[in-house]
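Take a look at the structures listed below.
Paired with chain B in one complex and with chain C in the other, chain A is shared by the two complexes that follow.
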Partner chain A sequence: MNRFLAMDALRKWVPLLVLVGLCLFFTVVNPNFLSLRNFARIAISATPALMVAVGVTFVILMGSIDLSMEGTVAVCAVLFALALNALGGSIAGWGWVAIPGALLVGAALGAVNGMVHVMLRIPSFMASLSLGFVGIGLSLLITGGNRILIDDPLFRSLLTVRVWGFPLMAYAALGCLLVAWFIQDHTTMGRNFYAVGGAEDLARASGLDVGRLRIIGFVLAGVFYALGAIFAVARLGIAETETGRNFMFMSITSVVVGGTALRGGAGGVWNTLVGVLIVNVIGNGMVVIGLADYFQDGVLGLLVIAAVYLSTNRQSLSFVK
Partner chain B sequence: MSFIKEYVERQTLHRRNLLLMSAYGLCGAVLGAAAGPGRAGAVTANPRIAWSYRDRTNPYWNAIVSGGNAFVRSLGMPESALINLINEGSSEKSLADIQSLLSRYGSGVALAVDPNDMPNCRPVVEAVSKAGAYVSTIWNKTDDLHPWDFGDNYVSHMTWSDVGPSEQTARVLFDAMGGKGGVVHLGGIASNNPAIERLAGFRNALKAYPNIQLLAVQAADWDTQKANQVMSGFLTRYGDSIKGVHCASDTMAYGVIEALRAEGIEDMPVVSYDGNPQAVELVTQGKILATVFTNPYWAGGITAALAYYAATGAFKPSAEPHEHREFLGPTILVTTKDAREFKARYIDTNPQYDWKNFWALASK
Partner chain C sequence: MFELKNVEKRYMGVHVLKGVDFRIDDGEIIGLVGENGAGKSTLMKVMYGAVQHDAGSVLVDGAAVNFRSPRDAMKMGVGMVYQEQSLIPNLTVMENIFLGFEKPFVRFGAIRWKKMAQAARRQLAKVKLDIDPATITSHLTFAQRQLVELAKVLALEERVEGRLVILLDEPTSVLSRDEIDLLFSVVRALRRRASFIFVSHRLDEIIDLSDRIYVLKDGSVVDVLDARHADIGTIQKKMVGRDINTEYYREDRQAPYDEDKVLLELDHVRIAGRGNDVSLRLHAGEVLALVGVEGSGREPILRTIFGMLKPEKGTLRIRGEPMRAFSPARSVAHGVGYVPRERKVEGIASGMNVFENMTLSQMRNYSRGGVLDIGAERALAREWIGKLSIKVPSEYADCGNLSGGNQQKVVLAKWRSGGSEIILLDHPTRGLDIGAKVDVYGMIRDMSAAGVGIILVADTLEEAIGLSHTIAVIKDGEIRKWFNCQPGAKPSLYDLIQHMV
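Then we have the complex of A and B:
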């Protein structure tokens, strides 16, 4: 029994151990990996993905899934860039309005997503996947397939200005992560996400309005997708339909690798931080050690399976679907 | 917001037409089989003009379509007369859409198409020639398939050879590096023909510059974000020994430039390919040293024009020499010296083309 408990306590730390192990491995192969400048590079590529993954963490904690992030990120990025340019092109002037504007757009898209799921009783998997396609179509309609450039030096300082070696966007994302952690651990809403994910029938029986909570969860996710969109635009200075590309795989993988259970009720935003770092360390490390590119996708897939296997307690699962 | 409404209406109409076409197509296929072939070679006074291509998310296909629209306007028709078939990167959808179109309009179709991948070209061409319609293709075709084996119905095939131009951009890059130092190459999806050719051109140039050291070749899948990540990985791995970057497309160069900017590196020589408006702008600023323009606007117009004028009988493809039926499209190297002039001529406006002068810009 003691041994079992010890295993269980250890398993909580497995994602972090995997992260440390990966860093050690890449460092042994190429010592350049272990440098402040490289960690800053990993932070830059992880920042937009972290916001999107934190958003979907809330939904996954409730035992639902949200696959609309690519569409939502694309629409938010494109509208943010259009608004910023239309309002003078600088966040020093009226352009700052584009930031809350983008968050509102994200919230609205999340609300639609949640309502379609809850009110039409369509499984979240299908509802969000479909709305993701709608989002991609919408962003295409808005841009006509073109790219929108952001030249505002103040906004781009998120990428170009560094404090203690890390760009400003890394600190901004850290701030957003703390807010997400506060919501998760210190608000009724956050605790209710766990309740619904852990045992929905009990939550319902104790008088919780599960439908309303789910919609709120999707709205919250939408806001974080919008933050991800803003950081993605800050990173490249370009907003386009393609801005949303690859976020679905990146974020869901990160959440799962970090140890948040897809069945809901266990895990959280710190797990997601570790998961995002694992996925980005793998992406960066494979280039740094010079792994041939036709291996890279395959190795990423295998590492993800290994990480999930290690971080979930198989014995506690009665069935796997 | 009226443009959105207009766009939605137009798309609804297209979708409705396509559904009708598909339904009609099922009946038409039965009738067609009953009547038997033998209608090939029929010349139509007023054929429907269609463009089948991948998507609208990228500037290249947008330019192709605006060329197609310009051609349709030159006939005195509205742009909505051009039927857009978007295959979204699926060969199956590409073929199915074309079959629906043929069932609806039969031999009265002038089709311009990029068949999405090489094997799909044959079924597309066979379907069109069976219906007695006319098709011109670009980019994807297997080597054993030739327009002249299909009489008049397979009008022409245009493709681009990227080896030479890619070698030229590499030479511009190496000269800017002073003929020495380490270089990295970011390539497209490894199995894509343009990615293979552009890498081959780059390697050809390397032979002439013995003091240039090739550090790494890595696919970044034509993707800005992936290129950004790959470039930052390269910076960790090679650090200051990288003296130049060769990109197989403009979209990847944008990611590279941003990865460099994040490190405060502003003067690294970078070259790219495709001649997109944003890249040409960067060439005028000296942030990219060279790119290659393949004139998709002209290609979009002329490919539709070839199919159209063959369908109306204005010219007889089978009377043309082979080099008029398989030819290479234009490539123009854009460097910092001529970027402004080039931009004024090709990006800010489009030159007036004579859509009946089919081979005016062909390379071969």
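Then we have the complex of A and C:
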């Protein structure tokens, strides 16, 4: 019994140890890794991914899965950029309305996703995968395949203005992460996510409306995807269908590597922060030590398998499907 | 000949089988009876290799064997016909019959279906079942599936030397009268091929079918009877026959209930899937026990009251108000609490801590605008940890790591602290040690004294008799008999069993 408890306690810290180990490794190979400039670079690449990964964390905590993020990010990004440009091109003027507008769009897409999953009783895997493709198609339809440029200096200051070496967007994302943590730990909604993910029958037997809760989870995820979309646009100054690219694998990988259980009920947004950092440190570190980028994908794939192996207690699973 | 000699088994310190001797001759039919928890299913599991005995020996034709898995046992000719049917519903009948033994039908890696169908037809003929072996199993009736199970076990005949021993676990519980007669005639006709061990709660069937009857009580064989001279009464006495300690169930604390205050009323409620009406009334401070054998329909009644099943017709009233919607959420809002049998599935969320578990059903009381007041939650948990002397390091302890008794206390605290006035207890003491049981009994008395109405499905009959004010005997989904259970005038086990089986 004690040995198991010790294993459990250790398992909790595995992701953080991996992160520290990776940093040490890259620093030893190339001391340039350990510099403020390089960490700022990691922060910039991690910021949009962190928002998307935090969004999907809520869904995974419930024991569902959401694969629609690429479509949702693409739609939110292009609608945000179009609205911003149409409303005067600056968030100093009426353009700021584009920000809550994008969040609403994300929420609406999440709601559709959740309702298809709950009301039509389609597995979340299939519902969200399909709706993600719909989103990509929709964003292509809106843009006609073109890029939308944003040159509002105030909006771009998210990237260009630095405080203590880090861009503003890193701090903004940290603020959003704190909000996500508050939702997770201090609201009934967050508590219910854990309850449904850990023991759905029990949650139902305790009088929770599980269907409604699932839809809310997808809505919340959609809002965070929209935040990710806004940061992604701020980073490149461009919005297009491609803006959503790569977020699916990156975010799911980050959540799992961070130690949130895919069966739901365990983990949380801080795990996701660690996971996102691991994934981005690997990406950055391999460039720093001079490995080709096709290696990165391979390493990330292996990493997910290793993370699932280390972070789940397979003794309690009698059968793996 | 199949024999057990002095077989012992312990589970986590509980002595389940205490030196069991058992013998079955070729072609014999043995009945095995005992109360719930007497050790019948463990004994069966030892016989067909699902669990390993700790001491003693298992002998096939005089030679000691050691079954490490049901497959080992099958190789020695011991097969099991499961109560929870073991056929895979989406496969065909023949695939099920030869599941895991397809080798004789394989040529160059491909299965020759015609040959398998032929062989399957031969097995089906043994049990007089005339169906196409390519039928998908889920399309069969329960009785047909039971016969296919039997055919599957009989297929062992061609693979092992010597006679078969076939275990039948409650084979009649889902069958109609005609189907039972058919099954029995098949079993009798198969005596020259196999011997049978037959487990049932229905003693008349046991006497009808068996040659000898083994009576199991508290993990020992208390008697072996010749079925020709046995009668239901003597078997029942041997199955139970122990003293009830009135202290144990806190009978001194049993107070009369408030007859004027009806908390819950079922008025000719037809439970889904059951043909019969159920009517009952639960008063404030009353403990109403539902007794009956496994599968008699006690649990569906609880689940209907809790809103997990929708009644087909009839009226369910809570404090006089008729219910229209049926969901657990509705029931919780009306002050109904449910302590399920499967504590790990529906009782306790492991991974969540004590206060999170306690407030799960009543988070509205501990939050404002969706933001939780964790301080108040912790205060509540500390209060109940003290009140019920729950043994935990702190309110942050993960409930999954608590002992069964402490988990049960957390579940009861969850409903009581939320102000539930109607509490449904399904096997509340299952798997608890004596000390924890006594604590739970004390809590039941406390709740009664506070005017809570309790519907109890007890782990044993003694428990039901000891704790309740009123007993309803359930058989085949309907209430057959009511007993008044005032202290000093409690019915005996024998009174109840008469109406149960």
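Convention: the second predicted complex is superposed on the first by the 318 of 321 C-alpha atoms of A that agree within 3 Å, B and C clash if a C-alpha of one lies under 4 Å from a C-alpha of the other, contacts with A are read in each partner's own complex, and residues count from 1 in each chain.
What we mean here is this: a contact is a pair of C-beta atoms (placed from the backbone, for glycine too) under 8 Å apart; a residue touches a chain by one contact, two chains touch by 3 or more.
For clarity, every value in this text was computed on a predicted model and none was experimentally measured.
Undergrad: Could you classify chain B and chain C on chain A, in the superposed arrangement, as clash or fit?
TA: fit
Undergrad: In the superposed arrangement, which partner chain does A:Arg235 touch: chain B (first), chain C (second), both, or neither?
TA: first
Undergrad: More residues of chain A are touched by which chain, chain B or chain C?
TA: Ranking chain B and chain C by residues of chain A touched puts B first.
Undergrad: Which of the two partners, first being chain B and second being chain C, lies in contact with A:His186: first, second, both, or neither?
TA: In the superposition, A:His186 touches chain C alone.
Undergrad: Is A:Ala195 contacted by the first partner chain B, the second partner chain C, both or neither?
TA: The answer is second: A:Ala195 touches chain C but not chain B.
Undergrad: With both complexes superposed on chain A, which partner does A:Arg263 reach: first (chain B), second (chain C), both or neither?
TA: neither
Undergrad: Thinking of the overlay built on chain A, is A:Asn30 touched by chain B (first), by chain C (second), by both, or by neither?
TA: After superposition on chain A, A:Asn30 lies in contact with chain B alone.
Undergrad: So, A:Arg11: does it touch chain B (first), chain C (second), both, or neither?
TA: It touches nothing on chain B or chain C.
Undergrad: Where does A:Leu208 make contact in the superposed view: on chain B (first), on chain C (second), on both, or on neither?
TA: In the superposition, A:Leu208 touches chain C alone.
Undergrad: After superposing the two complexes, find the smallest distance in angstrom between C-alpha atoms of chain B and C-alpha atoms of chain C.
TA: Distance of closest C-alpha approach: 31 Å.
Undergrad: Please name which positions on chain A make contact with chain C in the complex.
TA: Per the stated touch rule, the residues are 5, 186-189, 191-192, 194-195, 198-199, 201-209, 265-266.
Undergrad: Give every residue of chain C touching chain A within the complex, in rising order.
TA: Listed in rising order, the residues of chain C that touch chain A are 306, 308, 328-329, 331-333, 338, 340, 345-352, 356, 360-361, 363-364, 367, 370-372, 374, 401, 414.
Undergrad: What part of chain A is in contact with chain B in the complex they form?
TA: Contacts found on chain A: 30, 32-33, 35, 37-38, 41, 44-45, 140-141, 144-147, 149, 159-160, 167, 232, 235-238, 240-243, 245-246, 283-284, 286-290, 293-294.
Undergrad: Over in the complex, which chain B residues touch chain A? Could you list them?
TA: Going through chain B, the ones touching chain A are 4, 7, 55-59, 61-62, 190, 216, 218-219, 223-226, 228-230, 232-237, 239, 254-255, 258-259, 261-264, 278.
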